[in-house]
Amino acid sequence: MSTKGTNTPANFASDNVAGALPQVIAAVTEAASAGAMPYGNDPWTERASVRLRDVFECDLWAFPVATGTAANALALSAVCPPFGTVFCHPASHANTDECGAPEFYTGGAKLSLIDGPDGKIDPAALQTAIESARPHGVHNMPPAAVTITQESEAGTVYSADHVDAIAAIARQNQLALHMDGARFANALAALDVSAADATWRRGVDVLSFGATKGGAMAAEAVVFFREDLAANFGERRKRGGHLLSKMRFVSAQLDGYLSDEAWLRAARAANAGAANLATGLGTIDGAELVRVPEANIVFAKLPLPVLDALEADGFGFYRVGDDGTIRLVVPWSVTDADVDGFLAATRGYILAES
Amino acid sequence: MSTKGTNTPANFASDNVAGALPQVIAAVTEAASAGAMPYGNDPWTERASVRLRDVFECDLWAFPVATGTAANALALSAVCPPFGTVFCHPASHANTDECGAPEFYTGGAKLSLIDGPDGKIDPAALQTAIESARPHGVHNMPPAAVTITQESEAGTVYSADHVDAIAAIARQNQLALHMDGARFANALAALDVSAADATWRRGVDVLSFGATKGGAMAAEAVVFFREDLAANFGERRKRGGHLLSKMRFVSAQLDGYLSDEAWLRAARAANAGAANLATGLGTIDGAELVRVPEANIVFAKLPLPVLDALEADGFGFYRVGDDGTIRLVVPWSVTDADVDGFLAATRGYILAES
Amino acid sequence: MSTKGTNTPANFASDNVAGALPQVIAAVTEAASAGAMPYGNDPWTERASVRLRDVFECDLWAFPVATGTAANALALSAVCPPFGTVFCHPASHANTDECGAPEFYTGGAKLSLIDGPDGKIDPAALQTAIESARPHGVHNMPPAAVTITQESEAGTVYSADHVDAIAAIARQNQLALHMDGARFANALAALDVSAADATWRRGVDVLSFGATKGGAMAAEAVVFFREDLAANFGERRKRGGHLLSKMRFVSAQLDGYLSDEAWLRAARAANAGAANLATGLGTIDGAELVRVPEANIVFAKLPLPVLDALEADGFGFYRVGDDGTIRLVVPWSVTDADVDGFLAATRGYILAES
Amino acid sequence: MSTKGTNTPANFASDNVAGALPQVIAAVTEAASAGAMPYGNDPWTERASVRLRDVFECDLWAFPVATGTAANALALSAVCPPFGTVFCHPASHANTDECGAPEFYTGGAKLSLIDGPDGKIDPAALQTAIESARPHGVHNMPPAAVTITQESEAGTVYSADHVDAIAAIARQNQLALHMDGARFANALAALDVSAADATWRRGVDVLSFGATKGGAMAAEAVVFFREDLAANFGERRKRGGHLLSKMRFVSAQLDGYLSDEAWLRAARAANAGAANLATGLGTIDGAELVRVPEANIVFAKLPLPVLDALEADGFGFYRVGDDGTIRLVVPWSVTDADVDGFLAATRGYILAES
């Protein structure tokens, strides 16, 4: 007998499985009904920019694009020369999941991998790597930038102190500090600090501000907190094919996403779902929580036959390796029924196994 | 006294000024309401692919992207090595308006400019250029591809015979033939032939199928008619940052655009508007039609004070040089009132001038 | 009966056909006999640098490399971003004969062709091109540099006034000025000015100082007259594979080449040979001098059967097109017998034809 | 009292410190005395090619270049697309000492590091890396090539079985196998097998055949054992600026190097010197041999004050880290006095220390 209830089995494969926030749909629909000048010379783009300034409480230079890979790779190309080194975590999206986009956009820069527990760069390891980066002078690629992911790919969040430590090292070595904020809202909700306190006040120079995973259709923004780094970014975006002709349709998404704290409320819902999922899994004998989730990603370990059964039911998640470890990403659209349904099914299949 | 009527002055600056077709908005809204797997593993992307196969009456390999620059540059990178030559018209968008995207995506290929009247490549000039391309062997970049724009930037349309002539030269010299179809619908409507007869049956290998200008928000597709050329295109798109995580929002646009011949009806409306505009301008003493428009772009020459007055009223168009020549691009959303309003204002200002 | 005398028919196909100056061979042989630290940390490299400073009467930053293509492409990559425009003459080596090296090294910059008579950029055309380079802002590649060839590919030499005019335009528009000096010695000998007066005192920022054609085996140097432009050039040279491990063997060539004015004496010999060749051809009915040579390259037009006969004899030259125009490049090793032999043979075959 | 004898202290910093073999100097001098057509259309280049065919007992496609970095990076660009992955050892020159040349030439490919003891790739680790390379399909860079260094940077030599194991994995996964043979002669002398048995008979597809370190001035060759991989390599070399105009001066070096087994005799001398150095160090209390050298590189560990004293005397070596480990590279020009002098000085300073 299937443990499947009347609800559709939840899909925790990615936060990209969710649709779009009502505020986003409304904004796009409204933008579609009117004419406007192309390439960002439109009121929606201006509005998105103003919203970002309000959110970050500072002057900034924002460039909307449609994908996170573009945001990251373009941002890195603005802070690292073709012959430079970018330090990143081995698990970072830039290293593992962008098919070489950073290398492509920078013109051949090298990603140097700095490990650290829980998906986060260890500052001491970064310091060591920088010191030993150029034993042979021009034969080695000079350090140029550090990139950190907030929320990290391991579902953890860099604390303010952690970012401070990395920023201090970056500053002392004249490296730019980039933050991959594909799940920035989830991190912010978890940290419960202001956007400013999470970024430029900590020393972040440029942020990939993600909205797609958080509830937009296809909208991100490269946000520079230093004007000098933004010079010629317009040209870089254009030659990458990322300057949208009807830009307002991306800008409107950002505008809707940022309106009425829609983005933060959505992120809080996702984080709460992840917490509930983790709590529930913790009560199931035979289920193992790999790490207490800090935002909206849960790593757990379940018996392989249970995974097979869950997948057969239609539940969505991502297997990490062959040992039963799975990644569950909780989207903003999560419901209590989604969480409860997954927990019930898991509990049922584990009982059936034992 | 202003000649401006009760209507808003029409904006003929670009077809990108128009919003989105109702079918596109509806499709996107519907896609937003449901979950789906990311990166194109979704029903909308499958449906868009099926629609394209139906439209082109053949097997094909379609890759949705969000911008025309991406479509062109990625397509060229698939058919030209880093050390190769792409032949294009001097007025082509690839040469003039993509900030080096073709050079960037190909890894440094050269655009070799082949002139020809009315924005179209002259086959004889192409033949000569190919023959004289490599007087010094490896010192010269080997010819690899030809790209033609349909509808051309001059508002003209390549006839079937013209494409045949270019395709024959390409084939004899083992060059790939790419078509920049940013305004493919307008060209098709003008030619009144099938999509198949306009492309692969003529020898086109890969098409940048444009939908944004034609009524989508941000949706194009690189369409390969040869499977061998599409190999690794997935990787190329990804590393360019053009694989959308919530791909369905681009695919849904294509789906809506192609449904019920919405795209062709929209193109016919735009072309009809351009014809009316041209006819009207032809009846105005002091207005000069540069060329009879073949699709939805009109080039005309008006006295400079008239242009100033029209701009002051809020009419939109693009000045080409300093001599009063302007480009008027008629969007799918054009109304009779738009055309009549522009003609009336023009006539009025010319009379006032004389 | 062959007009061929006892001498070997001269090879005017290229100045690369000549061997190496005795001073160069001696310097290399001397360098080969001793050990030294690699990668330029050696006395020969220091000596070459000192010699260049003496020659140019200024502080400078010199980077030896083995080929002229590398010198040009690397130099341009130091002064033009990937999304920038380099202005050059259509006949320039960078445009016609480097298989895309400038595009490769810059990461995709565009060569914008500025024509002008006698192989030299027309300043007015340059000014116009700069002014009209960016009608569409970020859609167009911003002007970044100008490159001129001294001696030009047409065998002409830019006068001081001509360089001044171009340099003024470059300076007003914040463009770097690069000089391709593959035949710099020939130009200098023709102008009869100091190296300083021919370069930095005229506004040249970076020079590809050629020695190979002038009598070295494989030695060029990228010479920066501005320290800021040389920043990171070491890394650029290394990643291009142009940092020689046993650098002293290139540096020694430069050292020998520059010793005792060997380079200038060699260039004067070549120029004198070209003058004699041109004068001689001017006295032959049926031979047409295309242009009075200003340094060591002669363009002439001869009947096609005469060319066939000369080639059959073993004379070397390069046919430009199909109409009998040929290019004769006179190497430093030219002898009176070389010139006289060619003239005699030409005269003989023309008589036989008529 | 200095232990320094009458001889100059030996320089074991690099094999690049040595001059050139007499056969090389003679060949270059001879080539300098005569004219020849440029760009490799000359008898020396033909002769070098014939010599390589004789040495490798097969048909092959050889492309002389002037540096090892160029040879490696160009070779990898011929076997790996811009979006592909090259597997290499962390200690490989391509990874550590080429300032991103492989990334530059491939257009952004990724070097994936495969560890293994003694500077050699572990086949099992390679197999695992290939299997886990693409968990996310197009998001990951497809494996394209493996590169191994023979003699390795650790002074070890891949056995025939070891190369077989790697080649089998490469073949099964359609990866090209590249060998960085900067010290190929030393490896060959150590293995005491034919060049064919060390390369293509083992499955090597393309070899960077090094001659510079082995006794040339600046001469390497990219040697393809498969014609398909060599297609367009001429264009790649040219656009990298590595096609020498007076190619004969590089080709002549290869010709001289390969004549009369000069290269192998030189390599045997270097290897013997390294063996003597290692044997001698093994007899010194307080000196520690890190690894028994297999060719011409010795790693040893000495007390830091001893290193200071040796350096003060003028002995050359390279410090690896801070713990007294040094690398001694024995050049072809080594003499017994060089080895004995170093051993005597080391022994003396250690005694003085204790």
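Read from first to last, the chains carry the letters A, B, C and D; within each, the first residue is number 1.
The rule is simple: a contact is a pair of C-beta atoms (placed from the backbone, for glycine too) under 8 Å apart; a residue touches a chain by one contact, two chains touch by 3 or more.
Keep in mind that what you see is a predicted model, and the values were worked out from it rather than measured.
Student: If you average the Cα atoms per chain, which one ends up farthest from chain C?
Tutor: A
Student: Please work out which of A-B and B-D is bridged by more C-beta pairs in contact, and write that pair.
Tutor: A-B
Student: Report the inter-centroid distance (CA atoms only) between chain A and chain D in whole Å.
Tutor: 43
Student: List the centre-to-centre spacing of chain A and chain B in whole Å, with centres computed as mean CA coordinates.
Tutor: One centre to the other, that is 34 Å.
Student: Could you put a whole-Å number on the gap between the CA centroids of chain B and chain D?
Tutor: For chain B versus chain D, the centre distance works out to 52 Å.
Student: Would you pick out the residues of chain D that each touch at least 2 other chains?
Tutor: Only 39, 82-83, 98-100, 103-104, 107-108, 138-139, 141, 235, 238-239, 243 qualify.
Student: Under the stated contact criterion, what part of chain B meets chain C in this complex?
Tutor: Per the stated touch rule, the residues are 82-83, 96-100, 103-104, 106-111, 136, 138-141.
Student: Mind pulling up the chain C residues that touch chain A in the complex?
Tutor: 39, 81-83, 107-108, 137-139, 141-142, 232, 234-239, 243
Student: How about chain B: which of its residues touch chain A in the complex?
Tutor: So the residues of chain B in touch with chain A come to 11, 13-14, 16-20, 24-25, 28-29, 31-39, 65-71, 73-74, 98-101, 103-105, 212-213, 217-218, 235, 238-246, 249-250, 316, 331, 333.
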